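Per-chain residue numbering starts at 1, and chain names A, B, C and D are given in the order in which the chains are listed.
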Amino acid sequence: MASVLGWASAALVLVGAFFFLAGTVGLLRFPDVYNRLHALTKADNVGLGFVVLGLILQAGSLLSAFKILLIWLLVLASGATAAHLVATAALRGGIKPWKHR
Amino acid sequence: MSPVTFYLLSSVGIFVVCLYGLIVHAHLIRKILALNMMGSAVFLLLTGVARRGELTDPVPHAMVLTGIVVAVSATAFALAVARRLYEECGRAYLPEEDPEDLSEEREG
Amino acid sequence: MPELYLGVATFLLLNIMVGLIRILRGPTPPDRMLTAQLFGTTGVAILLLLASALSLPALTDVALVLALLGAVATVAFVLRAWHKPDLDGEEE
Amino acid sequence: MLSLFFDAVLALALPLLAWRVLTTRDLYRAVILFIAFGLLVALSWARLDAPDIALAEAAIGAGLTGALFLNTVGGLVGRKRSPSRESDESREVAERREAIQSSPGEPVDEVMRPWWVRLALTVPILALGLALGWAVVSFPEPAIDLAQQASDNLEASGVDHGVTAVLLNFRSYDTLLEIGVLLLAVVAVWSLDLGRVRGGQAALSKGLPVLHGLVRLLTPIMIIVGGYLLWAGAKQPGGAFQAGAVLGALGVLLVLSGLVRPPLSDGSGLRIGLAVGFAVFLGIGTAVMLATGELLNYPPASTYGLIIIIELFLTVSIALTLAALFVTAPPRKEQGSKEHSEEKGEES
């Protein structure tokens, strides 16, 4: 049982790492700030979510599992707000969204 | 080579780089950034030293902890002085380091 | 298991290093700021992994604080640092 | 093995990042790189078994200091435009065009010393670096094992966490004076009279309901976390400084989002809050001196209680100090208004 949990946890953490990698690739490859915002915010938050799930499986107590989950929810809330703010600021600052030509 | 040595050497590296930047750059914000990072370098050194023995030494930790809070208030003060200077004189450089003088010097 | 967590933490650290390229390249200040903001998310993940790998539960608290305060710098950037006074006034 | 690699990457990244912070051209980039630097420093403290410091750095280095720098850089840019604002019609058009063309309003700093000065400087700087590096690698063993002493005397300190014991018992003078320095910093910043620079900032955040929602969500959580850190400090990493840093950041967030206006009514509550930490610390220290004959030498029976009382007030003062340092302007009596009566209820 313990080893099953261990494997599941390892797999989840690795999936999380993959999403972080995807986020970084998006950050480097996408053409403008809005694209990058969308790629990075979503991918990194999902990546963190998988890492958190993996760690919850290994958490010793219910309390620490709850704490880790709370951290993820907080990151989700502030990450989404920050993305919204940056996008608003960019639009107001006159940065035009990229169009495929 | 223990991992702590990495951090000790890293702190020396940060300190030296920031000392150079502090002298070379004229803009006040840049100088304050350099000073702040020099502080971080010293904190890193102290923490590294605390980690060398078998027991982690709490005394440097306490020093660094108070140091961080003092550093942030000193930074806030320095930034406020820079802002006031900018308001009064319209530039964020020290009088001895006026950009025009420096660029003349460079050309001449 | 700790080995794997440390490995993933190292991988995420390298991710941050690569992401620095975007801060350096920009091209606009919002690009740089969003990158720094997302470093916060990666930092939270690294701290959680380290907390588990090194069995230092206090690092979970560090991650919690980082998660709470990750947005402060971004908010300061948007509201105080990178605004066009004239354009903003016009919109209201 | 892997951990060694992690350390190597981190240790190498820090000086490189510092170098980039100082050499990049525009100041936004420098400050944002500096925020990333703060994050990496927090990670290295997590690796160096110093969760106390990592907690404070996560709150201050990654949050507060960055906000302070961004605020100032923004102030410098904003001011530069104001002198020629008379012809606003044409200016606005020009500004629009500029905004669309490229990243607008980046404060640039290219001014450096002439090349021969820089070249001449590298020699002594490199020599210093080598000397320091050698000194660091060949550190002598410490003559007095402070770690051992601290852990031997932990029982007598009244708390179970080494760092808190050092801060509030073994070396409490340092902490007392340090709180004095914080108070002094606020007085110094206020005396610069930067109040005129502010104005119209609250209007900026008006169109941002999402931000207000986030701040309303975070406020209670941050107060709880601050209280938790304060309470936890007696036996695990945490304490007055970390709690104060978190609550101070909360104050900054409230001010930034416009939910709390900087000129707080007549400010007497704020003034008392700023001074109360130092006053209580000094008062208890002196009272103890009258009882035991030595400054800050707590009687063993009541050590824990006294430390907790001091820490509680320290937290309030540190939090208010950090927020006040960000706001920079002292509260003004004549501007006292009733509509902002939701003043900092959270920290007092």
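As a working rule, a contact is a pair of C-beta atoms (placed from the backbone, for glycine too) under 8 Å apart; a residue touches a chain by one contact, two chains touch by 3 or more.
Keep in mind that this is a model prediction, so the values were computed, not measured.
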Furthest chain, CA centroid comparison against subunit A: B
Chain pair, C-D or A-D, that carries the greater number of C-beta contacts: C-D
Between subunit B and subunit D, centroid-to-centroid distance (C-alpha), Å: 14
Distance between chain centroids, defined by C-alpha means - subunit A, subunit D (Å): 27
Centre-of-Cα separation between subunit B and subunit A, whole angstrom: 32
Shared-contact residues (touching 2 or more other chains) in subunit D: 3, 10, 31, 47, 49, 52, 64, 71, 73, 75, 96, 99, 103-104, 211, 214, 218, 221
Interface hub residues of subunit C, defined as touching at least two other chains: 28, 33, 35, 40, 64, 68, 70-71, 75, 77, 82-84, 87-88, 91
Residue list for subunit A, restricted to those that touch at least two other chains: 74, 78, 81, 85, 88, 93-95
Contacting chain pairs - touch in the sense defined above: A-C, A-D, B-D, C-D
Complex contacts: residues of subunit B adjacent to subunit D: 3-21, 23-27, 29-30, 32-34, 36-37, 40-41, 43-45, 47-53, 55-59, 61-66, 68-70, 72-77, 79-84, 86-87, 90, 92-93, 97, 99, 102-103, 105-106
Of all residues in subunit C, those that touch subunit A in their complex: 1, 4-5, 8, 11-12, 15, 18-19, 21-22, 28, 30-31, 33-35, 37-38, 40-42, 44-45, 48-49, 52, 57, 60, 63-64, 67-68, 70-71, 74-75, 77-78, 82-84, 87-88, 91
Residues of subunit D touching subunit A in the complex: 96, 99-100, 103-104, 208, 210-211, 213-214, 217-218, 221
Subunit A to subunit D touching residues, read off their complex: 74, 77-78, 81, 84-85, 88, 93-96
Interface residues, subunit C side, partner subunit D - complex: 3, 6-7, 9-10, 13-14, 16-17, 20, 23-24, 26-29, 32-33, 35-36, 39-40, 43, 46-47, 50, 56, 58-59, 61-62, 64-66, 68-73, 75-77, 79-92
